[in-house]
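The same chain A turns up in both complexes below, where it pairs with chain B and then with chain C.
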Partner chain A sequence: MAVTDTAQTLSPRHPVTLTPTSLDRRLRARRARNAWLLLAPALLVVLVAAAAPLAMVLWVSFWRVDGLVLARTIDTEAWASVLSDPTFRRLAWSTVQTVVIVLALVGVLGLAAGYFLARFVTNRKVQALLLMLAILPFWTSYLIRIITWQPLFGNSGVINFLLAKAGLPQMELFLFNQRAMVFAMTSLYVVFVIGPVFWALSRIDPEVIAASRSLGASAWTTFRTVELPLARGGLVVGLFFASIFLFGDYATGRLIGGGTNPMLSDAISQYAGSGQWPVAAALAVVLFGIAIVVLALFMRVYDLRTEL
Partner chain B sequence: MSITTLANTMATANGSGYLQLRGVGKRFGETVVLSDLDIDIGEGEFISLIGPSGSGKTTTLRIIAGLESPTTGAVLVDGKDITALLPNERDFAMVFQHFALFPHLDVFQNVAYGLRIRGMKKAEMERQVLPMLERVGLRELATRKVGELSGGQRQRVGIARALIVKPRLLLLDEPTGSLDTKLKLAMQTELKALHKESGLTFIHVTHNQSEALALADRVYVMNDGRIEQQGSPTEVYRYPATRFVADFVGRNNLIDGTLEHGSFRSAMGTFPAGAGAAQLPGGAGTAVIRADAIHLGAAEPGAASLPVRLDALEYAGSIVTWFLRGPAGPLTADVPADDSGRLDPQIGDAYEAWWNPDDVHYLRAETRDGLKGG
Partner chain C sequence: MTRTHLSYSEMMARRFAADHAVTRRRLLAQGAKLGGAFAAAGALGRWAAGDAAAQGVVLREIGLSLTEDPRILSQFQADTGITMEGNSQILGNQITFWLQNYQDYDVNQVNFSQNAPLLAQEAIQTLPVADIPAWNDQVIELYRVPGTPGYSERSGWPLAGTYTAESIEAETYDTFIGTPTWFGFDAFGYLEGQAQGDLTSYGAIFDPANAGRAALLNEPITSVMKVATFLEGTGQAEFEGALNNLTTADLATCFEFLNELKQAGQFRLFWSDFGQLVDLLVAGEIWVGDFWASACAAAVASGAPAVFVNDPAEGSNGWIQGADISAATEHYPEVTTFINWYLDSGVPGAILGVQGYYSPRPDRVEPILSEQSTTVEGISDWDYWYEGAVPEERPALSERINHIADWQAYPDEFEEYSRLWTAFTSA
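Our next item is the complex of A and B:
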């Protein structure tokens, strides 16, 4: 009450049109408008390229295949078979398994390689060169990779040759099995972790590490208590992107894994290829769901928004 | 070898010799940053390293801390060579010039870090950290992220973080560098008190000479990667050993000339040489006259005096600095404000400047030339 009174008695004598609060309000309104303007193009792209197709996929999963004809109805046949057939459950499980294994490998190796790049390679040019090398697998086709791996990992390849020389038992074929697939995926996606981890580690002030050491921490303790927490954002961002690619990667499994450990994504492409669109769509929705759950788990471990 | 042994004996005779730097040199690529540093520090001493920016003070501290390895020479503690020890194997802690706080930890966690990595229990940690925070006036900010602190607050976190591990030696790199004058004085008092109470050895780096003179038991003056002079603050202040020290420490007037038969001849004039000349044989030299030893107005009998003109004035509290022009160059005088007021100074007016010849300190010309030689 008293406050309003003062305001009323003051206003005639002080004809201030812009009190700090109204300036504040105007600034905030302008910020909001600018934010929407900046966001609009990207939002449009997301709507057209992601949201609409997703809705479409969801719709297709309720269609029905009559012989060779697609019927645009609302039918739960595809969903019923996807949810009841244990094959699909096994497929989903092995997909999650593969993704987790590869993410673990990619995380550890990426952390080690990123640390090596940031701390042991002092020359900036060499750093850039090595990072480029890590991206190299993306530039070679699967065919070339298999051809080049054959002499190394094949039954009569270099590894078995060396094992034999050393008098050790030979390894079974290192191509066209799950091990080969995990290996290939790791080599492909580790760069997603190396990059951000390297970047995060490079951003750490060397004085902060020096401070930790001078307070009595060993190099390992410093890594655990200072560098790892400060690079965690980079690690999670890297794993986040790697997992997005992993869920969708059916080619590696088919071409290098030899189809021995099919991923959900592989099944989707096969059903779609044979005209079974509703089942493919239902599987796609399931895969999308799994991916969302995994990404949500990442978010729980580390709030990505603080890093992006 | 025999020189080293001699130095060693002398150090022991001094009753010092807790920490020694022997012929320490440091090169980064082609750049020589430190050359042939000899430092000798006794247990419990408060040492200041002073010198201009880039003179190698931080590098010296980093070598002592083990964060940088010397290109030549050795670091000794209690006579044992520790040059090869890792920073965490030395019982030292450092306060960094640019704070170097852990950005992912809050104030409490920053201070507690040294205890945490030693595996201390949480309750015990709190028992030690909270009083420490109290002591540096950060108790209310315990849960603040360090990114949200002012420069002075960060500095205090840095000091608390180093003190809490109870190191045998505390290395302070410009601990008052980012504080305003008032806080700076408060922090100086606090540092002095901390030193007294803890009995630790402090090595303190600053380019603020008045801070060094106020705090230190002993001062090392550095220039261009070398020690120019070491001694008590009074010694360094009153009897600078080189032209550089005379120029850097305090406010001194340097007049080049020649000493002969009890008088000092220079382009400014010929003056009675005073007692300071007794230590020097005749010949070329430099007279060092502190700005506060120069008076204006009627000269006392026996004083050295010369005519000057007033160029400019600077008021700094109880002291007024007169920038004067003598017959052959400038002269600076720090005059007590009262005396200055009585003289009613007018820019451009002529005055008589004078000093007691016994207040003059002389540098041999060789010292001056030998400085940069190598």
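Our next item is the complex of A and C:
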């Protein structure tokens, strides 16, 4: 009501032309106009870069493959096959499974590493250096990071070489199966959590922690009841970013998973690559839906908007 | 008799020198032609069209990295004055890339197994055979005469993949879907000393002795065709459709076989590209599978004992690579000059020849490959790669043609292939 109050104090000087309601309306209109003007560039980008392609994907999912030709119709054939075929249900389920497992691992490991950096490394320079080391692999290409997996865990890789030297049986745990894929994805995406968690933990006032400890809380209780709730924002932001990459990652599945446990993203790539765009598009819509549900769950745990 | 295979570095050094020798000879020939001495230039001069209007035209194409070899593209420009800008794609991306971008390109150098959908979607155009003068009686008979060795009575390939249905019906063979520019025979490979069992049959891939060490390409058309070739070749199944165009019932048989094997842990992985395959072979991760000849050769160069089985007992799977013309090209005359050059100059044929692939015009490749020896000491590349001078390693082309089970093609039931393949890999 601040605007109206101001208008009322002004009104005696301009009793005819500036009634409280018209000033109110004008100010509101100007505000709204300015807001839209400020929003316009971002809205335009979102519209062109996100909304339009998504609408296109949705439209393509209603096309039909007519013999050899893509018919641009409105047809539910692709959706019928995606929804009725148990293969696609299995793919969707294994995608959800993989994403949940990897996010859980990434969350726990990222939290541990971030906590270590924030609480156990006191020297600022060493902190920065360690954080840099965690980020360093991201300066090389994704493919190179993935390909190094083989010389490490492969048949004739470092681990098996050492096992053989020690007279132990060789292992094939970490290549070409779902376990390997999950492990590789965890190592690829954990860095997204370490940074934000470290940052959030560092922002906690040391006196808050001191207060908790001086009131008799153990380190664990302090972590659980004071630090973790305060660092929740960092954790959720980290998982948020990790999941964005995770949903679209099909290369790890192919190169480390050996193509034996494909996720929805892999099927989308296969179907799109062989010209079966309607099914690929329908699968993309399903994947998008799953992603939205996962992100909405994050928001329930912690409303990112309070961080902005 | 012991033969000395050249070391990798020696092979590369000689090939480098050979390429330069080819360029030098062609420059001399061109110089002679420009000087008006057409006769002196002889056969080498014919490709140099010298069409003044074509000079400076820039064409664009997509293809595999093998086709987009800068040595090929630069020689084309040197010979004709026309520029061809190449854009390398991996096999799995080609259909989608072309459908989205053909308006901006002139040529799609593609595996002819993809021709059917490209033509149906009007993204490529057919062309009169007469527009490619190099496509004449010197072209290997396989691509001209039905019923000759290598021709599949059941599928009608390779003619069915090359000419339009109308021109085959009319027996005129006068209209191309696309022009074949190189071809080869797909089979399987293994690591010597590791893979067990009968290594002359595709059965090695499915042999329990190699359980957990076998691999297949993560792509339904070629992989399913190999399974079908094995099952029919060994009398375990008889299919209604051709090996490259199986019916739904045929597919059920193939996938029953595959699914059982997968459950039993036969397959270590499904590979997706050339570089990955070479790494896997060099690291010894997989022992047997539907490996490409060129990947086996690359693995050998890196020290892995990889062997490509040229002609398995059940027969090889032929494939055609060729030039499809964009439905939207604005440079049709220059495009036909390019395709003609591809066949007639012998240059791409020679470069691809020492990598194991064949030209439909061997007579144009022979003069170049006969003059170089970059593979086995004392044997010309022509004798090694085309004539079977070392038959146990590389039988003659004329011999290999007799062992083709069928040709890779786009099947009518592709959706079913794809559906069952996804179910199989994700099971």
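Simple rule for what comes next: the second predicted complex is superposed on the first by the 236 of 308 C-alpha atoms of A that agree within 3 Å, B and C clash if a C-alpha of one lies under 4 Å from a C-alpha of the other, contacts with A are read in each partner's own complex, and residues count from 1 in each chain.
Methods note: a contact is a pair of C-beta atoms (placed from the backbone, for glycine too) under 8 Å apart; a residue touches a chain by one contact, two chains touch by 3 or more.
Note that the structure is a prediction, hence the values are computed from the model and not measured.
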Once both complexes are superposed via chain A, do chain B and chain C end up clashing or fitting? fit
Determine, under the contact definition given at the top, whether A:L23 touches first (chain B), second (chain C), both, or neither. neither
So, does A:G67 touch the first partner chain B, the second partner chain C, both, or neither? second
Please work out whether A:L47 is in contact with chain B alone, chain C alone, both, or neither, and reply first, second, both or neither. neither
Look at A:G216 in the shared chain and tell me whether it touches chain B only, chain C only, both, or neither; answer first, second, both or neither. first
Examine A:G258 and indicate which partner it touches, taking first as chain B and second as chain C; both and neither are also allowed. second
Between chain B and chain C, whom does A:G273 touch in the aligned arrangement: first, second, both, or neither? second
Check whether chain B or chain C contacts more residues of chain A in the superposed model. C
May I ask you to decide whether A:I292 touches chain B, chain C, both, or neither, giving the answer as first, second, both or neither? neither
Give the angle at the C-alpha centre of chain A formed by the C-alpha centres of chain B and chain C in the superposed arrangement, rounded to the nearest 10 degrees. 150
Once the two structures sit on chain A together, report how near the CA atoms of chain B get to those of chain C, whole Å. 46
The answer for chain C against chain A in the complex is residues 92-93, 95-96, 99, 116-117, 119-121, 218, 220, 267-272, 276, 279-280, 283-285, 410, 414-415, 418-419, 422-423, 425-427
Considering only the defined contacts, which chain A positions touch chain B in the complex? 205, 207-208, 210-219, 221, 225-226, 229-230
Can you tell me which positions in chain B touch chain A when the two form their complex? 62, 65-67, 86-88, 92-94, 96, 98, 100-104, 113-114, 116-118, 161-162, 165, 171
Quick check: in the complex, which residue numbers of chain A touch chain C? 65, 67-70, 81, 85-87, 90-91, 94, 147, 150-151, 154-157, 175-176, 254-255, 258-262, 267, 269-277
